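Each in structure tokens, the structures are laid out below.
In the two complexes that follow, chain A is the common piece, with chain B as its partner first and chain C second.
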Partner chain A sequence: MDVVIQIIASGLTLGAMYAVSTVGLSLVYGSLNMLNMAHGALLALGGYICFYTMTALGLPAVVGVLAAVVVCGLVGLLIYVCTAAPLLGSPQFETGVFIATIGFGAVVENVILRMFGPQPQPQSLQVPGDIVIGNVHIPNQNLLILAVALGLMVAMALLLKRSRLGRAIRATAQNREAAQLMGVRVGQIYAIVLALSGGLAAISGIMVSSLYSLLPNMGGDPMLKAFIICIVAGLGNVTGAVISAIALGLLEATAQYNLGVQYSFALLLFLVIVVLIWRPYGLFGRKQVVRL
Partner chain B sequence: MADALLKIDGISAGYHGQDVLRGLSLTVAEGNLVAIVGPNGHGKSTLLRAISGLLKLTGGSIQLGERRLDRLRPDEIVAAGVVQVPQGDLLFPEMTVLENLQMGAYLPAASARMAERLEEVYTLLPKLRERQHQVASTLSGGERRMVGIGRGLMADARLLLLDEPSLGLAPIIIDQIYEVITTLKHSGRTILLVEESAARVADKADHIHLLDHGEFVWSGAGSELMARPEILATYLGS
Partner chain C sequence: MTPLRRDVLVTVLLVALAATVPFLTSTRYIVTQTTLFFIWAIVVTQWNLVLGVAGIFSLAQMALFAAGAYTTAMLGYYWGVPIALAMLAAAIVVVIVSVIIGLACLRLRGPYVALLTLAIAQMLYLLIVNDTDCFTTPPSGCMPLFGGVRGISRFGDLGFRALLGAKWYVAHYYLGLALLALAILVSIVIIRGPLGLAFQALRDNPGYAMSRGISRFKYQLWVFAVSAFFTGLAGGFYAAQFAVVGPTVFSLSQLLLLLSMMVVGGLGRIWGPVLGALLLMLADEGVRELGDWRDIGLGLTLMFFVVLLRRGLAGAAEDLWRRLRRGRALVVPGR
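Then we have the complex of A and B:
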């Protein structure tokens, strides 16, 4: 029983972290058909901004988190201005923006490297203590990650479902031209979506670095997993991304316990292959018919 | 003769450097229903796309009242009062009927009168009230077209552009759609409509323009066009 509790606790924590990161990616892909390869760099930037605000400036954790969200949101906006906006309308948009965001991400990572060095740093935002269920100690840090992720998912769901902005984001994702004909300024929506995604990446980066450590390239692994989750869920499907993230987090924790850490990532990749063969448009994606 | 609301002066526009519209001029008077008829692929939808700002002009100008439209973005053109009900469905497939209608009143001016507008749309198209919580992708073709028209009516439009509202629908549904369009005309709406079939709009439009290869080749009243079988046979094959 203790083992099950341990696996569920670890799996939910992993899943919650993946969900926050995946929702940002999925939102961007759903709206712009854009694979944002700078997302991992934004995760790292968010972690470092929080660390710097708390350690170097001596400010409280809340300010650190807010600073990370604001800075990464603004960098998300910059990604729109520098990479997506100039390529919008180009027939090679998807390829062009994929390459451009790789370049943008490399610049951000190298700026972090110059400023903070290559050595790992511990994230300052840590919640001490744990709770005990049976014989299992669950760190409060993990519970905080779960609570924050849950809060963010609810907030995102409310934003997308209930607000005027959310309706405009969904409308633009579902039919860009029809959204324009309703008076939606799609460029503005794209910019907002990238800023939102940047803010979510910052929180995800703080979560990841609070469990592991800060490194300039720390965003690579979570971004790769977020892409895997996006593909399993169906690119652009936000709800599917959250469900898949939690499921894959639990699967990864189970695989780590039963097979060993070295097999968990291989298992995720195997799962992607199976899903792509079975449902090429993802578990929650919709079949698309392209007229040639 | 009422004042001209829409003035199109010698516009040209097209795709990939090839003009589809060649120096078109047109006026639509306030409260009138003007129809553009013509065969497929001769520029009818392109004209509406150009008016809505989805396609840049290569020449000429478009004015709504005193305001130049051809330098504005699509969202600014909607805010100026030109709303298009596009060809086919172009609904938001994963949204409900109600959400689709709410998107029609996206801009702040229309949003402020959302409840009132919604009631007007439900009165005109009662089926939409029954279907308001249904996801758009699950509707029939006729219902989807009704949602498209209802969505167009949610905005405070000074000019309504209707792109082939009968396309792909069964005759009985087409009759229902045209009943709605006739009601809109009688309520004083200004409408620019494009259709493939002249017979369908001949008795409803105040003025008809026949579009062929991006140029108007005939203009006049619907009854005059129907009395010219040689023109119908030459340009519309009927």
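Then we have the complex of A and C:
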């Protein structure tokens, strides 16, 4: 019984963490058809900015998180300006933007490497203490991650479903030309979506680094996991992404317990390969009819 | 002169030029670095067939290269197979692996293919690095099946060390050059031949091409198989050249370098990848002391070329040439 509680607790924490970064990626793909390979670098950047404001500048945690969100949002905007905007409308947009964002991510990651060095650092935003359920100690840090992730998901859902901006984002995702004809400023929407995704990446990066540690290339694995979740859900499907994130978090925790940590990620990758071959448009995706 | 003959002639001239290098310099460093350039040039000319010509967004090429290197090393290490034979066997194994990956990718579209192939490469990397169980225990300590983090070494060589003594690297230089020449010839034949035309048709008007009986399925599998053969051979040659194979061949920065070579030179063109490989190897030599700045520079180069010089240097040169000739001849569309 204790084992089950333990697995559920860590699985939910992992899933919540993944959900935050996946929603950003999924939103970007849904509206722009763009795979943002610089997302992992944004995760690391967010973690480091929070660390820097709290240790070097000695400011409280709230300021650290806000600074990380703002900076990563701005860098997200920069990604739009540097890579996506000039390529919009080109016939090979998807390939081009994929390669360009790989380049952007490499730049950000190596700038971090130059500024903070290659050695791992502990994230300074830590909540001490834990609560006890049965015989299982659950750190407050995990509970905080879960709460923040839930809050963010609710906020994102409200933003997408209830606000004017959310309607514009959904309209652009469904049909760019039609949205444009209805007076939606598509370029602006794209910029906002990338900035939003950058902000979410910052929070996700702080979460990931608080459980493991800060490294310039720490974003690589979470980004690949986020992509896996996107694929399993069907690229661009935000609701499916949240469900898949939680499910994969639980699965990863189970695999870590039963098979050992070193095989859990390989197992996830194997799973995505199977899903892609069996259902190429994802579990929650709808089959697209391609007109020639 | 037909474009095919022109390209073959250019290849012959370039190979003859490259063959003189070991006579002009006795610096071992230059010769071995040029050999390394041959290896990367082989990989990018073959990757270009998949990515640039067929338009399949596969990132599996480095994984295939690694598969070739690992198969060669393991055949040599565990069974003592002569390395030349092991290289050939590795190339065939890689072709099979590539066709399987190709089958998995057939139903997928652009970015999904990139993610699937990236996931395969990452999975192989993690399985190799995280495997710590001893498969055999040689005197030097524990040896996992795939060599683990340290990789595999002491699997024999091509035999030139015994034959030529200290000058063995010159023999490797010529072997690399020969392999590159073959790889370029294959890519010329494919781009100028029916396979290239089929892909051009499928890209320009898929509906019409398919109704004329051009099967995407068949041609995609062909391009996966052909490009894998030389990639696997190059991987085996890499193992023989460095006498060690480790998981670093999977690294993202290596993938970044090779991708940049193609993008800088010009995707989908015959000479683009070779040109890009040459330029980036030279640039890499120039920034060797700069350390971290290397990857920053690579990233910026990649962005610059994708955003502003979409067709790469080869494409830009072609445009310039066409503009100069516009007065004289008809503009010929195509590659």
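The rule is simple: the second predicted complex is superposed on the first by the 292 of 292 C-alpha atoms of A that agree within 3 Å, B and C clash if a C-alpha of one lies under 4 Å from a C-alpha of the other, contacts with A are read in each partner's own complex, and residues count from 1 in each chain.
The rule is simple: contacts are C-beta pairs under 8 Å (C-beta built on N, C-alpha and C of every residue); 3 or more make two chains touch, one makes a residue touch a chain.
What you see is a predicted model; the values in this text were computed from it and never measured.
Asks: Put chain B and chain C onto chain A via the superposition and say whether they clash or fit.
Replies: fit
Asks: After the superposition on A, what does A:Val81 contact: first (chain B), second (chain C), both or neither?
Replies: neither
Asks: Looking at A:Leu57 after the superposition, I want to know if it touches chain B, chain C, both of them or none. Which is it: first, second, both, neither?
Replies: It touches nothing on chain B or chain C.
Asks: Put simply, what angle do chain B and chain C open at chain A, by C-alpha centres, to the nearest 10°?
Replies: If I round to tens, I get 90 degrees.
Asks: One more residue to check, A:Gly183. First (chain B), second (chain C), both or neither?
Replies: In the superposed model, A:Gly183 contacts chain B only, not chain C.
Asks: Who does A:Ala147 touch here: chain B (first), chain C (second), both, or neither?
Replies: After superposing on A, A:Ala147 lies clear of both chain B and chain C.
Asks: I want to verify the contact counts: of chain B and chain C, which reaches more residues of chain A?
Replies: Touching more residues of chain A than the other partner does is C.
Asks: After lining up the shared chain so the two structures overlap, which partner does A:Val107 touch, if you call chain B first and chain C second: first, second, both or neither?
Replies: second
Asks: Output check: A:Gln174 vs chain B and chain C. Expected answer is one of first, second, both, neither. What do you get?
Replies: It touches chain B, and chain C stays clear.
Asks: Compute the least Cα distance separating chain B from chain C in the superposition and give it as a whole number of Å.
Replies: Closest C-alpha pair between chain B and chain C: 13 Å.
Asks: Mind pulling up the chain A residues that touch chain B in the complex?
Replies: Contact set of chain A toward chain B: 164, 167-168, 170-171, 174-175, 177-186.
Asks: Once bound in the complex, which stretches of chain B touch chain A?
Replies: So the residues of chain B in touch with chain A come to 52, 54, 73-75, 78-79, 83-84, 86, 90-95, 99, 102-104, 106-107, 111, 151, 155.
Asks: Quick one: in the complex, what on chain C touches chain A?
Replies: 57, 104, 107-112, 114-116, 118-120, 122-123, 126-127, 130-132, 206-207, 210, 252-253, 256, 259-260, 263, 292-293, 295-296, 298-303, 306-308, 310
Asks: Once bound in the complex, which stretches of chain A touch chain C?
Replies: Where chain A meets chain C, its residues are 29, 33, 35, 82-83, 86-87, 90, 92, 94-100, 102-107, 109-111, 113-114, 220, 224, 227-228, 231, 235, 262-263, 265-266, 269-270, 272-273, 276-277, 280, 292.
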